[in-house]
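Across the two complexes that follow, chain A remains constant while its partner is chain B and subsequently chain C.
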Partner chain A sequence: MMRSVRGAFLAATMLAGLSITASAQAADSIKVGGLATLEGAFTVLGQDGLRGLELALKEANYTAGGKKIELVKGSSDATPDSAIRAARKLVEQDKVDILVGPLSGDEGVAMRDFAKTHPNVTFINGSSAAQDTTLRSPAPNFYRFNTDGVQWAAGLGDYSAKTKGYKRVVTVAEDYGFPYSQVMGFMLEFCKAGGKVADKFWVPIGNKDFSSIIAKIPDNIDAIYVALGGADATNFLTQYEQSGGDKPMIAGSITVDQTVLGAKGKRRSYLIGTPSAGPIADTWDDAKWKQFVADYKKAFPDGLPSPSLFAHAYYLAGKAMVEGLNEVKGDLGDGEKKFQAALAKLTMDTPTGKVSLDKNRQAIADIFLTEVVEGPNNTLMNKVVKVIPQVNQTMGMDEAEFMKLGPASRDNPECR
Partner chain B sequence: MKQFILTTLNGLTLGALYFLVASGFTLVFGLMRNVNLAHGALYLLGAYVGWTVADKTEYWLLGVAAGFAATAVLGLGLQLLIFRRMEGQDLRQTMVTIGISIVLADLMLWFWGGETYQFSPPEVIDGSLLLPFTPNWRYPSYRIALLVAAAAIGVGLWLFLNRTKVGMMIRAGVDDRAMLAASGVNVQRVFAITFMVGAGLAGFAGVVGGTALSIAPGEDVRYLLASLIVVIVGGLGSITGAAVGALIIGLAEQYGLAYSPTYGAVYTFLILVAALALRPQGLMGRRA
Partner chain C sequence: MTIAIQDTAVRSPANVALHGRIAKYGLLGLALLAYPLMASDFWIVQIGAQTLFMGTIALSLMWLGGYGGMVSLAQLTFAGVAAYMVAVFGVSNRPDISLGWEWWAAIPVALLIATAFATITGMLAARTEGIYTIMITLAIAVAFSLFCRQNYAIFNGFAGFAGLKPPSLFGLDLRAPLPFYYLSLAFAAASYVGVVYVTRSTFGLALQAVRDNPRRMRAIGFNVYAHRVAAYAMSGLLAAVGGLLLAWFNGRISPGTIAAGPCINTLVMAVLGGMVHPIGPYVGALVFILLQNFAIDLIDPERFNLVIGVAFLIIVLASPDGLVGLWQRMTRRRPEGGSSQR
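Moving on to the complex of A and B:
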C-alpha cells in the first residue's frame, strides 16, 4: 500500500513537471530557446545573458520576418552535460526552431557537437568563448556572433609587458576550455614581447577555497594574470588579500566585469590600475554604446549597473537572429537553410562596432583594451585604453601558422 | 616546506568550517534519526540573514548572532509544526526535508538574488598575521580565528552534552529513545531543543563560513554534501566523529588542490569509498 502511494506521488510530480514545459505552439510564430546558466556559480551572469537576449527581442517587438517570436528559457549550471540536457529538452520537447546559448566555454564545445545531430535547427551561440567551438571541426548550423576567449585577449599581453612593464607573471584560471583560450590569447603577445609565465595554476570550476593555490604563488613575480569568473573571482581576490598578497593583477575578460566591480565589500584600491581586455568596455565614449547601456537600464531597472559581457553577447545573438529572420521573411522551411545562409552573410552594425562572420561562422569584431579606474559616485569602471579593430580568430596570424600552435590546453602554450 | 605548512593550515581551517556545519547535522541525526537534508539551506539562510543584519548595523558579531538566532527559530518551527507530525517515519521526514530545502533555496534566490555577497569582518581579524617560528610567513588572521571558534564550539558542545542535564537527556535519547520517554522525560521538548541547536549551528556556520569565503546560491548544496561526507566518514550521530571526519576531508581537499589540482575532488570520494567499504558505521560511529 505504502509503495503504491509513493509511486502515485512520483508520477504526479513528473506530470506536473511536464505540463509546465509542454505549451502549445501557434502556427505562425517562431519558437526560440534561450539557454543560460541560471544555476550554480554563474547564476548572475546567466541572468544577465538572458536580459541581453530579451533586450534584442524587445527592440524588435518580439516579431521578426512578420512572425511572432516566442521565447522559452532553459537553464544549465555551466557543466557540458547540464547544457546538453537543457538543449535536448528545448529542441526535442519544446520543439524550438532556433536555440540561443549556451553561456560557458565547455558548454559551447558540447553544444557544437549536439548541433551536428540536429541539422534542421539553427544554433546561435550565447556567450560561450572557447576557441575550439568554431575553430576545430565546427558544426555547419552553429553560429557565433561573439568573439572568442583568445580574441578577447587582443592587446593585453603587449600592454602588460610594454606599458605596465611586467616581465614575470603566473596565471590563475579555471580548469576548462574558456580560460585555456584566455591564457593562450594573453601569452601569444606577452611571450612575444619577452615576458615569462613562471607557472600556471588551474583550479576546478566553482572551487571556493583558493588558499592552497595562493600558498603556491611564488614571490619573485611582477603580477598575476587572473581569469576567473563571477563568484570565483570574488573569492580568490578576498583570500589573496587576506593572506597578505599584494602583486598587481592582470585580468581576464570576465574577471573584473560588472559583477565583480559591483560586488559588495572593500577591494577598490587594489583593483584600480588592473588592465584587462574583452569584447566590451563599460565606459566607452561612443554614442551607440551609450544608447545600448541606456536601453538596457530602461528595460531592466533591477539589472546590473551596466550590461555585462554576457548581456552583450546574448544581445548580439538575438539581434543577429532578428536580422536574419527579417532577411528571409521568417521562412524557416527546407531545414532552415535559407535562414542559415542569411546568417552566414550577415554584417551587423552593433553597439560595439561592426560584426561579421568568417568561413567557420565565427565573429570578427573590435576588442577593447581597458584599465580599471575610479568613476563618479565611488564606483569602479573599466576605462578604454585602446580599441583594437576587427580582430579575427587567428589574431591576425596566418591561419596555417596559427593552427600549428595547437589547441589551447593546460600546458599549451608555454614560455617559462 | 612553506607550502606544506600553509596547506596543512588551510586544511585545518577548512576542516574547522566543515565541523561547524556538520556538528549540527550529526547532532540532529544522532538523536532523532532524521536525516535533515535541509541543513544546507539553513546554512545559506543563516549566512544571508547574518549578512543583511551585519550590513545594516555594521556590527559583524551582530550578524553572527542573527544568523544563529534566525535559523534556530526556523529550526524550532520546523520541528514543532512539521517533523513532529511524522515522527518515526524516516523516509517521509527525509523527503520533506528535501522539499523544504528546494523551496528555501528558491525563496532565497528570489529575495537576495544571485549576487555574491561578502562580509566585512572586524578589523582585528581582517588581515594577515605573522606565523610564529617562521621567516616572515603570513597567514590570514580570519582563518586562525575560524579555527579557534570551531575549537570553542567543539568544546562547548562537548560540555553541553556531557555536563548539563539537557545534554544528558540527549545522550540518553541517542541510546534509547523509548526508555528515555518511559523515565518521565518530555522527549518532545528534548527533540525541539536539539533541532533548534542543530539548525542554529548551521546558521552560525553560514555567517562564519560565508565570511571566510563568500555567499552565493548553490552554497547550500555544497555544504550539505560536505556535511554528508563528513558524517559518513566520521560516523553518524557522533560529535567527535564529525570533528575527525571534518579534519580528514578538509585536509584531503586542500592537499589535493595544492599537489594535484586536476584530481583534487577525487580524494574526497576515495576516502568516502574506503570508509564505506571498511568501516560503514564511520570512524567513530557505533553499529546500529
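Moving on to the complex of A and C:
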C-alpha cells in the first residue's frame, strides 16, 4: 500500500514532466519569452516594460514574417539568480524561440552569460543598461537595441561644466552596475571639460538614512550629481533639504521622474534648472514621440501617465524582433542564423529616432539632454535642451582608447 | 533491530518494518536514479537537481528544528558562507580577490569555514529558546547578507562572484545536466543517510531528549548546551554541502541569493514538507520549486505569487505537520495497532 502510493506519486511526477516537455510548438507560430521584474522592488517598472513589448506586438497584430507570435511571460525579482531561473524555464521548458529581457543591470550581465549556453536561441535585451553586457566578452546571440547607462549620460557632463558652470561636484549613487555606468558616462565629459569630482558616495539600493552621507558632503562644491532611482531619490532629496543643503542637483537618467517632479514647496524651486540626460524625454515635441505616447495611453489606460524608459526599451526590443522576423519571413531554421544576421543589420526608425547596432550588437541611438523647467499649470517638466545624435557605446572615442579606461566601478574613473 | 524514527514508537514486528523499509527505499532510489532517463534537461536540473540541493539545505533546518527543537532562519546563510568561501578560495571571475586554489583544497576549507560559522551562530543561538532563536538567527542572516553587500575587499559587494564552476573530474563536466543531477543526488542521499544515522546514535537520541525535556537532561548530567551547539555544527555542514551545489547551479553567488526572503523560503520548504521526517524537506522543496516555476503559467503573470501563497496556506492549514504528516495520517488509517502519534 505504502509502496504503491509512493510509486504512483513518483510516476505521476515523471509523467507530468514528460507530457509538458512533449508539447512541441507548432511550426506556424513563434514563441517569444517576455522577462521582466514582476516581483520585488522594481515591480512597477517591470510591468511597464512588458507593456512596451506588448505595444510593439500589438502594432504588428501579433504576427511577424507571416507567423503568429505567442508571448509567454516570465518574472524575476531583479536578482541575477532569479532572472536566470526564469530564463531557463522560458528557454528550456517553454521552448521560446526568442527571449526578450531582462530589466535590470546585473541581470543583463548574467543573461549574456546564459545566452552563450544556448546559441540557437536569440536573446534581445529588455532594458538592462550595464555597459559590460555588450562591451566586454559579448554573446554572439545577445542583441541590445537600447543604449546603455554610459551612453545615457551623453552631453550631461559637457552641459554641466560649460553651460551651467559647475567646476567641482560630488556624486551620490546606488552601489551596483547601472549607476557605475551612469557616473562614468557623466565623468567622461565632465572631467574632460575641466571639472573635478571631489568625492563619490555609494549607497545600497533601498537606503533609508542618508544623514551620514549628507554630513560628509563638502561645502566647497558647486553641485551634486545624483544617480538614485525611485524612493531612494525622494528620500535623499527630502533629507538633504531638511539638513539645509542647497547645492544644485545634476540628475541621472532615472532620478527625476514624475514622483520627484510632483514635489511642492521649497523643493519645487530647488528642482528647477536640474539637468539630466537619458534615452527618452517625456515632453519631447516630436510628432513620432507624441504618437508613441498616445498609442501607449490608448493601449494601456491603466498604465503610467507617460511610457517610462523601461516601456520604451522593451518596445524597441519588440519592434526590432518584429522587423527582423519580417525580413527573414519568419524563418528561424538553422539555429536562427538568418534571423540573427537580419537583426545585426537592422536600422530602425523609432519614436526616439534612428536606432542601429554596432559590431557588438549594441544600439547606437539619440540621447536627450533635458532640464527641469516650470511648465503650464504650475507643473514641473523635463524640457529637451538638446538631442545628441547617434551616440555610440564608446561615446565617440576611439575604441582602443575607451577600453583602456577599464570597466566602470566604484573607483573608476577618478578626477579629484 | 529496533528502529525508532524520531519519537514514534516501533509499531510492528521489527523485521517486517525493516523489510518494508528496504523495499521502499530501494524503489525510491531506483526511481531517482532512473528519473533523468525520461526527463528533459530542464526537468533534470532546474526541477530535479534544484530540489535535491535545496532539499538538503532545508534538511539542515529540519534536523535542527525537528530533532533539536531549534528553528533557525540562518541555514541559507551557512550555505551562502560555503558558496562565498569556495569563490574566495577557488576560482571566480574576480582573480584579484579569489585565491585560485585547486578544488580539493578550496572545497574542504569552504565547508570547514561554513561549519565553523554555524558553530559560532549555534553558540549564540543555543542560549535562547523558541521565538528568540528565530530572531537571533534571522538577525545573523540579514546582517551577513548586508555585510556581503557592502564589503568589497572579500565579498565583492552587490555583484558578488560569478564564474563559479564545479571541478571537472576525469574530463567530466560536472555542471552538465546529467552529472550535476547525479552529483546533487549523491550529496542529498549522503546527507539524508547521515541525518537518519545520527538521529539513531547516542548523540541523536540525547539531542531529541534535550528537545523534549532539557531540564531533566541537565539534571541527569547531560551538557544541554554542548548538544545544541553540536547540532548547529552538523546543520552547518549539511547546509554548506547544499550551498556548494547552489553556487555551482547558479554559477554565481551574490547577496541577493542569501537575503532575508530566500532564507525564509528555506523555512517554508521545511514546513511544507513537514518537520517530522527527514524526507519532508525534500518533498517540501519539490512542491516549492514546482510552484515557483509553474505558478506563473496558471494565472495572470502579475499575480502568480498569490497562487504560491494560497497553496502554502492550504497545505499548512490542512496539515500542520506538512505533506509528510498528511501522508502519514492517510497511510496509518489502516488497522495496524499503531495509535501512538504525536
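Keep in mind that, in the parts below, the second predicted complex is superposed on the first by the 376 of 416 C-alpha atoms of A that agree within 3 Å, B and C clash if a C-alpha of one lies under 4 Å from a C-alpha of the other, contacts with A are read in each partner's own complex, and residues count from 1 in each chain.
Basically, contacts are C-beta pairs under 8 Å (C-beta built on N, C-alpha and C of every residue); 3 or more make two chains touch, one makes a residue touch a chain.
Since this is a predicted model, take the numbers as computed values, not measurements.
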Scan A:274 for contacts with chain B and chain C and give back first, second, both or neither.
-> neither
Between chain B (first) and chain C (second), which does A:208 come into contact with in this model arrangement: first, second, both, or neither?
-> first
Quick one: classify A:73 as touching chain B (first), chain C (second), both or neither.
-> second
Could you look at A:175 and tell me whether it touches chain B, chain C, both or neither (first, second, both, neither)?
-> both
Which partner does A:93 reach: the first (chain B), the second (chain C), both, or neither?
-> second
Where does A:151 make contact in the superposed view: on chain B (first), on chain C (second), on both, or on neither?
-> neither
Now for A:41: first (chain B), second (chain C), both, or neither, which partner does it touch?
-> first
Give one of first, second, both or neither to describe whether A:244 is in contact with chain B, with chain C, with both, or with none.
-> first
Who does A:81 touch here: chain B (first), chain C (second), both, or neither?
-> second
Intersection of chain A residues contacting chain B with those contacting chain C?
-> 39, 43, 47, 175, 204, 410
Considering the complex alone, what residue numbers of chain A touch chain C?
-> 1-3, 5-7, 10, 13-14, 17-18, 21, 38-39, 43, 47, 50, 73-75, 77-82, 84-85, 88-89, 92-93, 106, 109-110, 113, 175-177, 204-205, 410
Would you mind writing out the residues of chain B in touch with chain A in their complex?
-> 2-3, 6-7, 10, 13-14, 55, 109, 113-120, 126-128, 138-143, 213-214, 216-219, 222, 253-255, 257-258, 261-262, 264-265
Show which residues of chain C lie in contact with chain A when the two form their complex.
-> 20, 23-24, 27-28, 31, 35, 38-43, 45-47, 146, 149-150, 152, 157-159, 162, 250-252, 254, 256-257, 261, 286, 292-293, 296, 301-302, 304-305, 327, 330-331, 334
In their shared complex, at which residues does chain A touch chain B?
-> 39-41, 43-44, 46-47, 175, 201-204, 206-209, 211-213, 215-216, 230-231, 234-235, 238-239, 242-244, 259, 262-266, 410
